[in-house]
Every structure is written in structure tokens, then in C-alpha cells.
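Heads up, there are several structures right after this.
Each of the next two complexes has chain A plus one more chain, namely chain B in the first and chain C in the second.
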Partner chain A sequence: MAPTLGNLALWLSLVFAGSQFYNTRKKNKLKIISISVIGLLISSLFSFFLLIYLYVISDFSVLNVFQNSHTTKPLFYKITAVWGNHEGSMLLWIIVLTIFNYFIFKLYNKKNFIFVSKTLEIQSFITLGFIVFTILTSNPFERMVPVQENGLGFNPILQDPALAIHPPLLYIGYVGFSAAFSISVATLVLKNGKNFPWYKYMKPFVMVAWTFLTIGIALGSLWAYYELGWGGWWFWDPVENASFMPWLLGTALLHSLIIVDKKQSLQAWVLLLSILAFLLSVVGTFLVRSGILTSVHAFALDPTRGIYILLFIAILGGYSLMLFSSKSKIYSTKNYFNFFSKEGSILVNNIIMVVACATVLLGTIYPLLMEALTGNKISIGEPYYNSTVVPIMLPAILIMGVGPILSWGKESVLEIAKKVSSVFIITLAMTIIIFSIYKSYTFLGIAGIVLAFWIIFNNLTTLYRNKFNNLTGMVVAHLGVGFLMLGITASSIWQVEEIIKMKLKSETEINKYQIFFNEINEIKGSNYLSLRGDFLVYDKGKNIIAKLKPENRFYPVTGNFTSEASIHTNLFRDLYIVLGEGNINEGWTVRLYYNPLVVWIWIGAFTIFLGGVISINKSLKRMPK
Partner chain B sequence: MKNKFLKLPIILFFIILFIFFYLLIIDRNPAKVPSALLNKNVPIFVTKTLVKNEKFSSSKEFGDQVTLVNFFATWCKPCKDEHAFIMRFSSEKNIKIVGINYKDNPKKTIEWLKKLGNPYSNVALDKNGKIAIDWGVYGIPETFIINSRGIIKYRHVGAITPKIYKKINLIIKEIE
Partner chain C sequence: MLNNIFKVIISILLIQINMSNCNAVEPDEILNDPKQELRARKISKNIRCMVCQNQSIDDSNSSIARDFRILIRSKIQEGSEDKEIYKFLVERYGDFVLLKPPLKSNTVALWFLPFIFLVIGILVILNHNKKSN
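Up next is the complex of A and B:
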């Protein structure tokens, strides 16, 4: 019953999306449009909740539930398993699309009927594409006979709270750019777009998308840090890149929108960026789901899905970019900026973000290009990105410290020097202090630390001076970037790694900490068995600071082994320990990491998120009524 | 000039899409790591055998019939996981199976094979991992198929799964 109902709701949302497309295109009455929009929202939400229900009651007559769930799974993970697989996550993607669709609909007022209708038309086209894709190639309500006793369970490394909320947040980010895309295309179609404040409508959507994309990426990275047990938090995996590229363009977009709002220049550029940001989001989906490349994230291989998404991207991209090349001319202006001004600094930021994005894109598709041309497989990894993207981003960070305190228009170099001199001195002092503690010097390391303090103190003084005002969101977000930068740099240059074989009751040392292997126990978890090591950490004065308990888990249902790192965190460092293979006679392989200041990465990301939320609030208040 | 510049995004866009499309329609496996030795002769090596500690010479072992070569060790979990499949190959008797015991303790290996069953017609010892280097082994387990003229026809990195098991069977039929 419920599966049929879910399927029906999915088909119904297809009908409503079609009707929204037709009625907005024909510019029919608002009432008819509103029925489609609300019908679409309700039917897609309904099918989504039905799927959740099917997971909760473990209905194994449904193929998707059978493949991804199991009765022994805790309730919370039964629910999150809904979007832990391809079909279910497409449904999540669709409901996020329809929710944004509803918010666009909410923009209607007396003056903007044509503009909002056009935006809704584009948005419903995108929604249609994804619903058709889901129904044809990835229907989560597909039944199976005979009905099975129990499910296959799902990948245990996905059974984790951070990962449970990572996809929804990421999708709000990706899909949020769809609204910006629709607004951009609608503007290009519009005859008098130049005089219409379309950017004011676009801004809150971009803000929301970017803010949630930021926290979504951060959570994914946090998960990788403690779950994969490699001691790192970013691996330049193609799918990580797929989320990082829209983020870079989103960052450029966010900042350019400020200029458009203030000066009405850069309009053509913003229209292009918003198109590209969404296209890159969909390309990301393509990369994950088509099986064109391998990655820890990749879903099941299925070429028909790939062809379908590719076709859809070709239509979206072909239409929007063609429109851009023919219609964007009227939006270009010949306003030149002064370099030492707020708009000058934003422009430089823009160029850097776009160049960084292009570099990541090149690194991601170059192996595919080479394979297509020569048939040889090559792989591009960390060294490429570390030696290209990192130096590209450094100047952006430098400017970020100064940009916000510059004025619009023009400013003399002397004025700037006056504004920043005190911060400059604090930064130098802090850098000297921190390097006297850690005593390891590399050029990039010093540059990173100096810049991190530079931003942190610049923004802290601004925050202190201005109290709460219009710019608070931005200042908080920038402060977050400073923290992030501090964490990234410190944990990259000062990480200490030890891999040793340890017997029970033996002892080792990592960076002034004594680690004592106390005992090892077998533990029975909710749906796994585990071997848990018990390690005691002493400091120099022989005081116990922490008990670390890394585990090796075995999930009998899927037959997977996972290792759970155990981490002791404080504001200055993480002690990170992973239990490897071994036995009682020969001891166990143990990996130990000393990761300085790594917690500041997550504090930074959360601070950025907070800044984003404050700014969303502000920009919603400034929407045209 | 300006107009051309505006067309740049769309041109780049379609070039990228075209590459994706091409890679989707051609027959390829993104997880497959190509072997530099594919379609080349088996590397020549001499070592000791596991059970009887006799001389093991590659030129004598390979090249008279279709052979499956499996790099394994007792300390490697995936090797244990795939062992059932190697046993299946041995019970089907379509193919000669040679094991190469990688960086392992011979005594333990003999025990291990007693416990889990011994599918190998012969096991060569690769105590310091030198043979594995010659074969370009990434990480064990790895499995190679060699035809009756001693030429490497297939390589699989990682444990044998039901899918790979089927594939190897097809390949065996093909080269026989």
C-alpha cells in the first residue's frame, strides 16, 4: 500500500511540475500557478516521508529498503539511510528543489509578475528533469518479489551522525544555486532586465546556498577526519572537488553581488557566475552517480543514469550559456575600478576564486581528458593541488584582511596603512610566539600563519569597534576564515605521525606525550562486534590526561570492517589514535597522530556558517517589497 | 571580439561534456588499474616453494597451460575473504593455480592453508617482496591470468568478488 502511494505521489509531483511549467510559461493567473507550486511541494514531501516511513517499518518488499536497511539498525540510521543511497538521495534532491521553488513563488508582488513567473518556469523545468530522471532510472519505490526476511544493511562507515546530516546540508547548497540559475536565466530573457533589481532577489538565495554548502562540506570533512582514520581531513578526492568548485564560484558570486547592489556594475559577470555555479553543482552529481570515475563517494555504476544526467546538463547548459552569449551584452559596462578600494579588492577576490576553481576543474577532468585522448590512465593527486590551489588562494586571504575596512571608491595608501598598523604589529607578535613554540619553518607555513592572524585580528578589531551593524555577518564569516586558515596551516605543517607495533602493557611516545597500551577488549555494539583498545595518555608530569579507546568494528550483516579512531581534542592539539591489525602475541599496529590546532578548522567553518546565517537574515530584510 | 569572448563559456562547456559522453559510451572500468605487463611475458624469477622448500622457477611453472597467479598473505584480511573463490577455481579444475606468498611466515602460511584449504598446485615464496615488485603489484591480494604461452592476459587488484569471479571465468574460457 505505502509503496504504491509513494510512487503515486512521485508521479503526482511530476504532473504538478509539468503544470507549473505550462502555466508560468503561458503567464496564467496567479491562482492556477499557486495550485501547481503548492501541489508540487506537498506531493514531493509526501513521497519523501512515505519513503522514510518504509524505512522505519523495514518494508523489505521495496527493493531500495531491502538494499540499504536492516532490522537491527538503530532508528536514527534507518531514517538517514533514506538519503545514504542513490535513489533516496534523488528524492531528497527533489524536495529541496521544490522547497526553493516555493520560496521563489513567495517573491510574487504587484510589480514583478513576469520576472517571477519566468523564474518559476525555469525552476519547474529543472525540477521536471530531476523527477523524470528519478522515475525512469532511479525509482526508490520499486518493488521486489519474493519479499525478503531482512535487508542487506548498509555501508557501516555511513552510520554516523555527521554524515547523516551532511547530504541534506550539501543539497541545500547545490540546489540553492538552482534558484540563482533560474533568476539569472529569467533576467536574461527579460526585456528590461537592466533596470530591474534582479540581483536583490538573487542575493538571499546565493547566501543560503553558500552558507549551507560551507557547513555541508565542513561536516563531510569532519567525518572523513574521524571516521576514515587517515589522520587527514581533505583528500582532493574528485567528489570533494565537485563540492569545492561550486563553493569557490559561490564565494565569487556572493562578493560580486555586493558590487552589483552598490554600483550596478559587473552585472554580466554575476549572471554568468550564477549559471556556472549551478551547472558545476549538477556536473558534481554527474561525476558521483555516473560511475565515470572512482572515489570513496561513488554510488553504483550505471551508464544509463550517466547518459541521462549528461543530456540534461547539455540542455540546461546549452540553453543558458547560449542565452548568455547573445543577451548579456547590455549588462556589460565599462566601469573601471580603483585598485585600492572595496570594489577593487572584491574584484581581485573574484579573479582568484575563479582561477582557483578552474585549477581544481582542470585537475579533476584532466585524467578523464587524457584517457579519452590517449587511452592511458593517469591520476592527479594532492601534490598538484597543494602546489597550485594553495598559492593561488594566499593573495585572496591577504586581501581579505584589508578589503572590508577599505572604503568604496578610492582610498590613499597612507590611509590604509594607518588603519592596519596596530593589527600588523599584533600579527607579527603572535606569529613569533607561535613559531617559538612549534619551531618548524616553511615558506607556505609562515605565510599561512601570518595571514591567519592577520585576518583574525583585523576582524576582531572591526567587530569590537563597530558593535552590531549591517556588516557583522560578513565580519564574523571572515573571522571564521581566519580560524580555518590557522587550523589548516598548523595541522598541515606540524602534524606528527607515528606507525608502530605495540604489545599490551607497552609504552610509546609522541610529541612529549607518553602513550600506554593498557588493555584490549571485545565489545558488542548495537549491530556490530568490536575489538577495543584501551590507551592511557600521560603528559610530562606523569599525569593521566586522557583515555583513548580506538576500535576495530565488524558488522556481521554486511561483512564490513571499519576502524574507529579515538581522538582527544583541546584548543591546541588533537591526539589521534587508530588501532590496526594484530594479535596478542605480536602486538597490534597502532597509528598515532599529533595534530596541532586542527579543531580550529571546525570552529572556523562553524563561525563562517554563523556569519552566513546573520547575513541571510540581513539580506532577507532588504528584499524588494 | 567581445562577442567571441562571450561564447567562450559555451565552447568550453561542450568540450567537457563531449569528453564525459565519450567516456560513458566506451567500454571501460574506472576501477581497473592497467598493468604495464599486460600482453607481455611473465617476469622471470627463481625462488623456493612453500611446502617442500624446493626450487621454484617461473620459466618451468608458467607457459604450459592457462594459469591463475594469486599474490596472498596470511596477515591480509581481504586475502582471507577471497580465499573461498580461489577454492572454487581449484574445485572447478579449469585452470592451474599458483600462489605467491608475499612477505609472510612460511610456517604460518602452511597452517593457514591447512585450516582454510589449499587451492594452490604450488606456492612460491616472496619473502622480501621482490617478486611482487617485478610484477608491479600494488597491494595484495592481486590476481593475474596467464595464457598457455606464458603471457599475462588479465590483472585484478584487490579481493575477488562474485562479479570478478564471473569475469575471470569468462576470461579463462576466452583464452582457452
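Up next is the complex of A and C:
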């Protein structure tokens, strides 16, 4: 019953999306449009909740539930398993689309009927594309016979709170750019957009998308940090790149929106960026969902999904970019920018973000293109990005440290020097202090630390001086970038690693901490069994600082082994311990990491998120009424 | 009863089986000379684990990665230079084994395009400002 209903609701949302497309195109009455919009929202939400319900009651007559769930799974992970797989995540993508669709609909007022209708028309076209895709190639309500007694479970490494809420946050990001895309295309189609404040409508959507993309990416890397077990948190994995590319363009986009709002220039640039940001989000989905990343050959085995998304990208991209090239002329204004001004620094940073994004895209698809075209296989990993993207981004951070303190228009060097002299001295002092503690110097390390402190103290003083005002969101977000830089730099240049075989009741040392291997126990968890080591951490004064309990888990349902790192965190460092293989006679392999200041990466990301939330609020207030 | 047998089997599994999930470099692989070990780690970070997705042999727990690490260390102990080790690996396993692709005719675009992107970006800005002067 429920699966049939779910399927029906999905088809119904297809009908509503179609009718929204038709009625907005024909510029029919608001009442008729509202029926489609609200019908679409309710039917897609209904089908989504039905899928959740099917997971909760473990209805294994549904193929998707059978493949991805199991009766022994905790309720929370039964629910999050809904979007932990391809079909369910497409349904999630659709409901986020329809929610944004609804918010675009809410923009209607007496003056903007034509503009909002056009935007809704584009948005419903995108929605239609994804609903058709889901129904044709990835229907989560597909049944199976015979009904199985239990499901196949799913990868225990994904059973984790951070990873469970990571996809919805990421999707709010990706899909949020769909609204910016629709607004951009609508503006290009309606040639009168020049005197219409379309950018004021676009800004909240971009802010929401970017803010949630930020926190989504941060949670993903936090998960990688504590789950993958070697203290790393970013791997330049194609899946990570897929989310990083729209983030880079989104960053450029929201900064240029400030200039458009202030000076009405750069309109064409913003229209282009918003189109590209969404296209890249869809490209990211294609990369992740088509299977093409594992191998071009794997993709060739079952190409339906990939080819559909590729076609859809071709239609969206072809149409929007051609529209842009033919209609954008009236939006390009010529404005002289002094480089030593707020808008100058934003412009330069925009270019850097776009170049960095293009480079990430190049590194991600180059091996695929090469294998498809020549059959040769190459690998592009962290070392490539470290020697291309990182040096490209560094000047951007430098400019970011200066840009916000410059004023619009022109700035005298002397004025600036006066403003920042005290921050300059504090930065210098802090850098000397921290390097006298850690005593390890590299060029990138020094640059990173100096920039981090520079940004942190600049924004702290601004925050202190201005109290709460219009710029608070920006200042808080930039402060977050400073924290992030501090965490990234410190943990990558000063990490200490220790890999040893430890017997029970033996002791080792890492960076002035004594680690004592106290005992090892077998534990029975809710749907796993585990071997857990108990380690005591002492400082120099023989005081117990922490008890660390790394685990090796076995999940009988899927036959997976996972390793759970145990981490003791404070503001200065993480102690990170992983239990490896071994036995009672020879001892166990133990991996210890001393990660200085690593927690600031996530404090930073959260601070950026907070700044984003404050700015969303501000941009909502500035919407034309 | 069944449950108990199951438990026993599992506990045997837990203790006996290679429970490696994230166990990259093992203590028995580590060389006594810290300088040589550092070299080995540096090389390992640039070598792809052939059976993994986007992992270096330094990060990977697969047995093939372990074999590679041991091979690199024995080469270092035999007195091979870093260059010779890379060359040895590439001859056997192709460019696929390198995480940082070498500059060749088929990777020219990969290495120079970022630079060209940057130049284009700078030109766009300069052009934008010249137009308006």
C-alpha cells in the first residue's frame, strides 16, 4: 500500500511540476499557479515521508529499503539511510528543489509578477528534469519479489551522526543555487531586468546555499577526520571536489553580489557566476552519481543514469549559456575599479576563486577524459592540488585580510597603515610566540600562520569597535576563515605521528604525553561487536589527562570491520589514537597523533556558518517589498 | 545457544583476523634510520595504492600497498636514490602509480592550464579597467 502511494505521490508531483511550468509560462492567474506550487510541495514531501516510513517499518518488499536497511539498525540510521543511497538522495534533491520553489513563489508581490513567474517557470523545468530522472532511472519505490526477511544493511562506516546530516545540508547548498540559476535566466530572458533589483532577490538564496554548503562540507571533513583514522580531514577526493567547486563559485558570487548591490556594476558577471554555480552543482551530482569516478568502464556498463544527467546538463547549460552570450550585453557596465579599494579586492578575489575552481575541475575530470580518449590511466591526487590550487588560493587569503578594511572607491596607503598598525604588531608577536613553541619552519607554514593571525585580529578589532551592525555577518564569517587557516596550517605543519606495537600495561610517549595501555575488552554494541582498548594519558606531572578508548568494530550484517579512533580534544591540540591489529602475545599496533590546533578548523567552519546565518537574515530584510 | 556460538566465533574473528581498517604503515615496516624512514614516507605519499580509490600507499591498508611500502624501503636500504625508485615503479606500473602526474605531452594541459587560467583572469581584470578609463 505505502509503496504504491509513494509512487503515486511522485507521479503526482510530476503532474504538478508540469502544470506549474505550463501555467507560469502562460502567465496564468496567481491562484492557478499557487495550486501547482503548493501541490508540488505537498506531493513531493508526502512521497519523501512515505519513503522514510518504509524505512522505519523495514518494508523489504521495496528494493531500495532491502538494499540499504536492516531491522537491527538503530532508528536514527534507518531514517538517514533514506538519503544514504542514490535513489533516496535523488528524492531528497527533489524535495529541496520544491522547497526552494515554494520560497520563490513566496516572493510574489504587486510589482514583480512577470519576474517571479519567469523564475518559477525555469525552476519547474529543473524540477521536472529531476523528477523524470528519478522515475525513469532511480525510482526508490520499486518493488521486489519475493519479499526478503531482512535487508542488506548498509556500510557501517556511514553510520555516523555527522555523515547522516551531511547530505541534506550539502543539498540545500547545491539546490539553493538552482534558485539563483532560475533568477539569473529569468533576468536574462526579461530584457527589462536592468532597472529591476533582481540581485536583491538572488542574494538570500545565494547566502542560504553558500552557508549550508559550507557547513555541509565541514561536517563531511569532520567525519573523515575521526572516522577514516589517519588524522587527515581533506583528501582532494573527486567527491569532495564536487562540493568544493560550487562552494568556490558561490564564494565569488556572494561577494560580487555586494558590488552589484552597492554600485549596480558587474551585473553580467553575477548572472554568469550564478548560472555556472548551479551547473557545477549538477556536474558534481553527475560525477558522484554516475559511477564514472571509479572507472570510465564502470560507467559504460550502466550508462543510463549518467547519460541522462549529462543530457540534462547539456540542455540546461546550452540554453542558459547561449542566452547569456546573446542577452548579457545590456548588463555589462564599464566601471573603473581602483585595485586598492574594497571593490578592487573583491574583483581580484573573484578571479582567483574562479581560477581555483577551474583548476579543481581540471584535476577532477582530466583522468576521465584521458582514459576515455586515449585509454591511458593517470592519477591526480593530493600532491597535484597542493602544487596548483594551494598557491593560487594563498594570495586570495592575503587579499581577504586587507580587502574589508579598505573603503569603497579609493584609499590612501597612509590611512590604512594607521588603521592596521596595532593589529600588525599583535600578529607579529603571536607569530613569534607560536613559532617559538613549535620550532618548525616552512614557507607555507609561516605564511599561513601570519595570515591567520592577521585575519583573526583584524576582524576581532572590527567586531569590538563596531558592536553589532550591518557588517557583522561578514566580519564573523571572515573571523571564521582566520580560525580555519590557523587550524589548517598548524595541524598540517606540526602534526606528530607515532606508530608502534604496544603490549598490555606498556607505555609510550608522544609530545610530552605518556600513554599507558591499560586493558583491552570485548564489547557488544547495538549492531556490532567490538574490541576496545583502554589507554590512559598522563602529562609530565603524572596527572591523568584523559582515557582514550579506540575500538575495532565488526558488523556481522555486512561483514565489515571498522576502526573507531578515540580523540581527546582541547583548544590547543587533539590527541588521536587508533587501535590496529595485534594479539595478546605480540601486542597491538597503535597509531598516535598529536594534532595541534586542529579543532580550530571546525570552530572556524562553524563561525563562517554563523556569519552566513547573520547575513542571510540581513539580506532577507533588504528584499524589495 | 546459537547466539553463544555466534559470539565465540565473532570473538575469535576479532582477535585472529587481520582487523585492519585504517592500518597503513605498520611498526614492523619502519626503518631504523629515521632519515631513510622519512624518505620512504615522502615517496609513499606520492604513490597511488593501485587497488584503492584515490589513496596513497601511505594511507592505505590494503596488502598491495603494504607490499609497495616494503619494496620502497628495501630499495632505500639498498641505496637507491628517490628518482631511481620512482623510475622503477613507473616502468613497472605506468604513470597511474604516481599521484602527481609527470609533465609529459599528454599532461601539458593539466600542468599549464591553471597558469593560463590565471593569466586570462588577470587579463580580464586589466581589460575591464582599461575599457573604462
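Just so it is clear, the second predicted complex is superposed on the first by the 617 of 625 C-alpha atoms of A that agree within 3 Å, B and C clash if a C-alpha of one lies under 4 Å from a C-alpha of the other, contacts with A are read in each partner's own complex, and residues count from 1 in each chain.
Keep in mind that, in the parts below, a residue touches a chain if its C-beta (ideal position, glycine included) is under 8 Å from a C-beta of that chain, and two chains touch if they have at least 3 such contacts.
Computed from a predicted structure; not experimentally measured.
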Task: Please indicate which partner A:Y108 is in contact with in the superposed arrangement: first for chain B, second for chain C, both, or neither.
output: neither
Message: Between chain B and chain C, whom does A:F435 touch in the aligned arrangement: first, second, both, or neither?
response: neither
Message: In the overlaid three-chain picture, which partner chain does A:T359 touch, first (chain B) or second (chain C), both, or neither?
response: second
Task: Would you mind checking which one, chain B or chain C, touches more residues on chain A?
output: C
Message: Is A:K377 touching anything from chain B or chain C once the two structures are fitted on A? First, second, both or neither.
response: both
Message: With both complexes superposed on chain A, which partner does A:T388 reach: first (chain B), second (chain C), both or neither?
response: second
Query: Touching A:F561 in the superposition: chain B (first), chain C (second), both, neither?
result: both
- prompt: Where does A:I313 make contact in the superposed view: on chain B (first), on chain C (second), on both, or on neither?
  reply: first
- request: Tell me which partner A:L347 touches in the superposition: chain B (first), chain C (second), both or neither.
  value: second
- prompt: After lining up the shared chain so the two structures overlap, which partner does A:F424 touch, if you call chain B first and chain C second: first, second, both or neither?
  reply: neither
- request: Identify the overlap between the chain B-contacting and the chain C-contacting residues of chain A.
  value: 293-294, 376-377, 561, 581
- request: Note which residues of chain C are touching chain A in the complex, please.
  value: 6-7, 10-11, 13-28, 30, 45-46, 48, 53-56, 59, 94-101, 106-107, 109-110, 113-114, 117-118, 121-122, 124-125, 128-129, 131-133
- request: Spell out the residues on chain A that touch chain B in their complex, using ranges where they run on.
  value: 272, 276, 279, 283, 286, 290-294, 301, 303, 306-307, 310, 313-314, 317-318, 321-322, 324-326, 328-329, 332, 365, 368-369, 371-372, 376-377, 559, 561, 581
- line: In the complex, chain B touches chain A at residues 2-3, 6-7, 9-10, 13-14, 16-17, 19-25, 28, 30-31, 33-34, 75, 77, 81
Statement: chain A residues touching chain C in their complex are 228-230, 232, 235-238, 293-294, 334-337, 347-348, 351-352, 354-355, 358-359, 362-363, 366, 370, 374, 376-384, 387-389, 392, 499-501, 522, 524, 529-531, 552, 554, 556, 561-563, 565, 578, 580-581, 583-584, 589, 591
